[in-house]
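As written, the chain order gives the labels A, B, C and D, with residue 1 at the start of each chain.
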Amino acid sequence: MAGSIFGSAFRISTFGESHGKAIGVIIDGCPAGLDIDEVFIQAELDRRKPGQSAIVTQRKESDTVQILSGVFEGKSTGTPIGMLIPNGDQRSHDYGHIADKYRPSHADFTYQEKYGVRDYRGGGRSSARETAARVAAGAIAKLFLAQHGVNIQAYVSQVGPLILHKTAAELDLSLTESNDVRCPDPEMATQMIDLIKAVRKDGDTIGGVVSAVITGCPVGLGEPAFDKLHADLGKAMLSINACKGFEYGSGFAGVSMRGSEHNDAFYQEDGTIKTRTNHSGGIQGGISNGMDITFRVAFKPVATIIPAQESVNVQGESVEVTGRGRHDPCVLPRAVPIVESMAALVLADHLLRQRMTKNEK
Amino acid sequence: MAGSIFGSAFRISTFGESHGKAIGVIIDGCPAGLDIDEVFIQAELDRRKPGQSAIVTQRKESDTVQILSGVFEGKSTGTPIGMLIPNGDQRSHDYGHIADKYRPSHADFTYQEKYGVRDYRGGGRSSARETAARVAAGAIAKLFLAQHGVNIQAYVSQVGPLILHKTAAELDLSLTESNDVRCPDPEMATQMIDLIKAVRKDGDTIGGVVSAVITGCPVGLGEPAFDKLHADLGKAMLSINACKGFEYGSGFAGVSMRGSEHNDAFYQEDGTIKTRTNHSGGIQGGISNGMDITFRVAFKPVATIIPAQESVNVQGESVEVTGRGRHDPCVLPRAVPIVESMAALVLADHLLRQRMTKNEK
Amino acid sequence: MAGSIFGSAFRISTFGESHGKAIGVIIDGCPAGLDIDEVFIQAELDRRKPGQSAIVTQRKESDTVQILSGVFEGKSTGTPIGMLIPNGDQRSHDYGHIADKYRPSHADFTYQEKYGVRDYRGGGRSSARETAARVAAGAIAKLFLAQHGVNIQAYVSQVGPLILHKTAAELDLSLTESNDVRCPDPEMATQMIDLIKAVRKDGDTIGGVVSAVITGCPVGLGEPAFDKLHADLGKAMLSINACKGFEYGSGFAGVSMRGSEHNDAFYQEDGTIKTRTNHSGGIQGGISNGMDITFRVAFKPVATIIPAQESVNVQGESVEVTGRGRHDPCVLPRAVPIVESMAALVLADHLLRQRMTKNEK
Amino acid sequence: MAGSIFGSAFRISTFGESHGKAIGVIIDGCPAGLDIDEVFIQAELDRRKPGQSAIVTQRKESDTVQILSGVFEGKSTGTPIGMLIPNGDQRSHDYGHIADKYRPSHADFTYQEKYGVRDYRGGGRSSARETAARVAAGAIAKLFLAQHGVNIQAYVSQVGPLILHKTAAELDLSLTESNDVRCPDPEMATQMIDLIKAVRKDGDTIGGVVSAVITGCPVGLGEPAFDKLHADLGKAMLSINACKGFEYGSGFAGVSMRGSEHNDAFYQEDGTIKTRTNHSGGIQGGISNGMDITFRVAFKPVATIIPAQESVNVQGESVEVTGRGRHDPCVLPRAVPIVESMAALVLADHLLRQRMTKNEK
């Protein structure tokens, strides 16, 4: 009800603020007997952590995860997995200057109005720091999915006006991690990095798009009516800070097609039913059809900028807000592991839910 | 878990297939003492029902709703409101020809694989007929919201390549219901209707976009982390049949803006804090900020078409599928009340949830 | 949140008041491919229905169930099963005399205070008539459980001061349905029936206890911490009208035992691990251990009595309340199928949940 | 779904095993603006902690709680409150002798069968150590309830055959904390303590009953049908380790009464509607009526005993199990704060839920 619990069967509960003592997550529903590879979990967190490259925020956080429960002799026990990520960098003195000001396009105003109180240090609970907990949990979901042959890969396909027009099939996704912006096209990556550096020089920020492809998903995941697989993926993505839109398969572009063009013809090959095209994005009637699942996620430019902006304070008086300190000029590179993690949580959840749909399991 | 329950506080549970005896819905959590205007509920259903105009399916369904419980002497009692919509038109003989064929881009294949059995008549549970139950429940949510000053208006802003470039502010939304396609711009409406008729003549279908604007929403609706207001709106929209994408505020277009352009400056007017621009789409940090909430929903072309299509049957053999009977050439006009209903369900839910966020209510 | 949804995986949503048009239930989560035996479902409802014998209320209700969805060609499809039970006997004129009076130990006062409005006809939503929906859903849960070898049998073990001191093992439970009070001991049954008739003659009512035994339950059902199997069974039973207490295994009597007496020694027989005694009632650490699950449910005397009682009206003024019309002198005989149904719903739910607990299913 | 999440509006999620690194809890849904008294929270934990007196286990745990989030400048912020209790005493070498044995009436066997793996150290997740997390969360629920005038008091009313026959009204509950056994009758307390010491000398254990009374509860808490207030209280209590039964108001004893005796006559006093008797235990139709809420909870004797017991090992072979080390001879004294905490969580949850039941809040 209060927003910090996600999933039905593979369910996570998170806590923590940007400048509190720690953030953390409990997974309730991770199946027993799964090998828990702590090195992998930490590596996933490292993909998200600040300070990892020249084009992300230089805030200092090691984001070291501790597993506190639910794992015994290297395997999940089926009971809740508690994970803790202590906050290292709690320079709260940085935030005195915004304690009573509403930063434009941040959550300062809405939190203050909603709750009547607000932890103003670094955005408190509204900070994207909260997503570290998602990545820790998502890493375990990935370990579970990997055992069932499901693989999730996300990459940056747009930064500002720079659009990568190739499809996933035309790209070598193994190159995604080879550059700081996480774009699998090296040439485009260079342009994107240059753009982000230029934007940063202006004290400004820029948005972009993350694309994702899920391979190896079995047929049958997703539920009728409200919990369609793409609806749960969409909610998962839209819950990530700065996300402004979600589309899957043909997406918004598909609306101008005719049915005769858009429909994906079925055929059979080696006993497997496939579709000639994949405008459906791997999901039909809300349920995975065995083809690659593809979706795109829009992220707005980060709200924290250096130049002075018009605003008001808690008293409703006109004030000027200026940025200070460390922030991301572009959220996209760090969004990639978050998108993957949220997708993993949704898929793990539906993989478990699917086990209950037949009389005989 | 099984997908047919939606919402947390204002929670609905739906049932029913296209060609079963009836469809229906239970609302558990409608507050007591609300005037239940049955004429309004039926009028909302009439906006969605088949056969309402020349550009929608001519299937015959009166979609007459019966309220079975939860209302006493015209007022909600706080206990579950059960509503029933009997299916009038159950011509199941129409469907013998597709009983063992998988219609392209329908849910036939995925349901068969998921469950091992399938009600093939008219798509069974995967039919958009299920959305009538949503509209009945959404109408009651609208009645509740209206008492709190919240108003939801959706309209068709794109059909195929025909794009309405005006913003909601530039339109007279009272004209939405004045034409069959539900586009508030009369000139564009005429073009859209002509296009839909031409598409129908070809036995084909076409997609489009529904735009929506919510006015009067109080500040503070939406929850941190996962249940952000736009995340719940997104899931709600993506759960509607044929939906392929969702964006709010600046959406996908906003990604190419810089933060300095995109940020919405705060100012105060007559004691109310507002923003100069509204790229945030009325939602900041996942919580409503009192400005208009705006979003757009993409719908693909309907999968049922007349021309022959390549496919396979349940045995995996190659077959040809041809359309027959009555279907929508374009889902957009009938999607408008569904979009509004789903938005109303989300808003009603969050309006109730918001009551629990402070120590003193 | 509003109380009319039960279960997690095998989830039901109910609606309906005593004197509304109908009551009903939706099951969301019934696995696909289950043979739905409508004759059995109706037979279960007949065990609960009024007028079935001389010792229950003579209210006239046929309690005829209609299945509206989720079943195709005799099998469940995995989609929601909607069931409707129209109310036949809506003599609301009977209730004018209590429209503004609070009947002692009924829910009139609490509903009025909670909601500000109240359907006073026959208790509205608070009427035990609501349990017919549970029995319809429970019948389907029983069909599912039967396929997995799980069998649930309840019987009356106490009426007022008449206590059946035999254990389930000492009784022939096939005799339960052979008499009107549903006590498997014929001699005790006769005494109980005589007592209930005497109580009725006084216009009074009497309480009692239902005992239940579940055989064939696989090891492993139930979840750690909060959703222990007996905790969910307890909630299920306590949610039945007039229930005042629940105990399982050794129950309240077990508290005066020492650990050395109470502990159930393990031994192995033919490859199956069993316990010498069963003070645990088939549940250890909240999880079924394969032994018979045993529990007892206390029901208070029905609140509706004929003699005049002191009370107040909606205005808080002193009034006298006298009973009229048709009511149960003792709820026990009709409680038996309700207890079984609620147990079946809990077991079906946990049987499905158990499928998700291991990495490899 | 997996059992470690409790509550709807005031929702907690717990993790941790007996001998893991830490146990903890997240509260999602604590209203904002509540004064968080850390001293009180620690004091509640101290009432539950081991080693507090001569009649409880001498295991060494300081049970020091750390609040990691959700509190800013001493007040709750409305966002998740994360709390951590590090495990100090992790003497896992103690448990080698039972690593492959099933201790009688423990959860060793059922966990092993359910999950296929098991953290055998001190019972792992099935250990009552898990209840420390409940007490930490319950303390915050108590702080919230106190501001609304609700007070919860539990006490030991039976140990083995020693039964306190006085009602709460006949006792001075302020004496509960004045003795080690938490029985408010000093004379009875002395007898109970002597009995527990004698039982311990035998290496044995003994059960008992905790009684509870809730005063100041407003009218209207609890939901119709399944989430009746006493059903949720019952589930809460039954979820506590070693609990075997729950009854409220007249309970099991009430079943032998007639309706004319059992019904609670209404009268009005100073504008408040009350009942002459309180067999209803403060709850009618599942909803609080403003009278004291009373209930009783049965606890079996602790399963860990010193004498040799017959059992089997993981391979199903006959083995002998002997107790070692530190355990509670009687769980009752430490159960008192746990019962209060679980009651507080249920009441806080329903207090919030009640805010949503009317059209105008």
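To be clear about the criterion, a residue touches a chain if its C-beta (ideal position, glycine included) is under 8 Å from a C-beta of that chain, and two chains touch if they have at least 3 such contacts.
A quick note: this is a predicted structure, and the numbers were derived from the prediction, not measured.
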Count the C-beta contact pairs for C-D and for B-D, then tell me which is higher. C-D
Here the gap between chain B and chain C, centre to centre from mean Cα coordinates and rounded to Å, is 38
Averaging C-alpha coordinates per chain, one finds the centres of chain C and chain D separated by a number of Å equal to 26
Rounded to the nearest whole Å, what is the centre-to-centre distance of chain B and chain D, using the mean of the C-alpha atoms as each centre? 45
By the touch definition above, chain B meets two or more other chains at residues 1-5, 8-9, 14, 29, 32-33, 76, 78-79, 114-116, 125, 224, 353, 356-358
Can you tell me, using the touch rule above, whether these chains form a line, ring, star, complete graph or other shape? complete
Chain A to chain D touching residues, read off their complex: 1-5, 8-9, 11, 13-17, 20-24, 26, 28-29, 32-33, 66-70, 72, 75-82, 84, 114-119, 124-125
Which bits of chain C are touching chain D when the two form their complex? 1-6, 8-9, 14, 102, 104-107, 109-111, 113-116, 123, 125-126, 130, 158, 160-161, 199, 202, 204-209, 219-220, 222-228, 230-232, 234-236, 238-239, 244-252, 254-268, 271, 273, 275-276, 279-281, 284-289, 298-305, 307, 309-312, 316-318, 353-354, 356-358
Once bound in the complex, which stretches of chain A touch chain C? 1, 9, 29, 31-34, 76, 78-79, 144, 147, 224, 352-353, 355-361
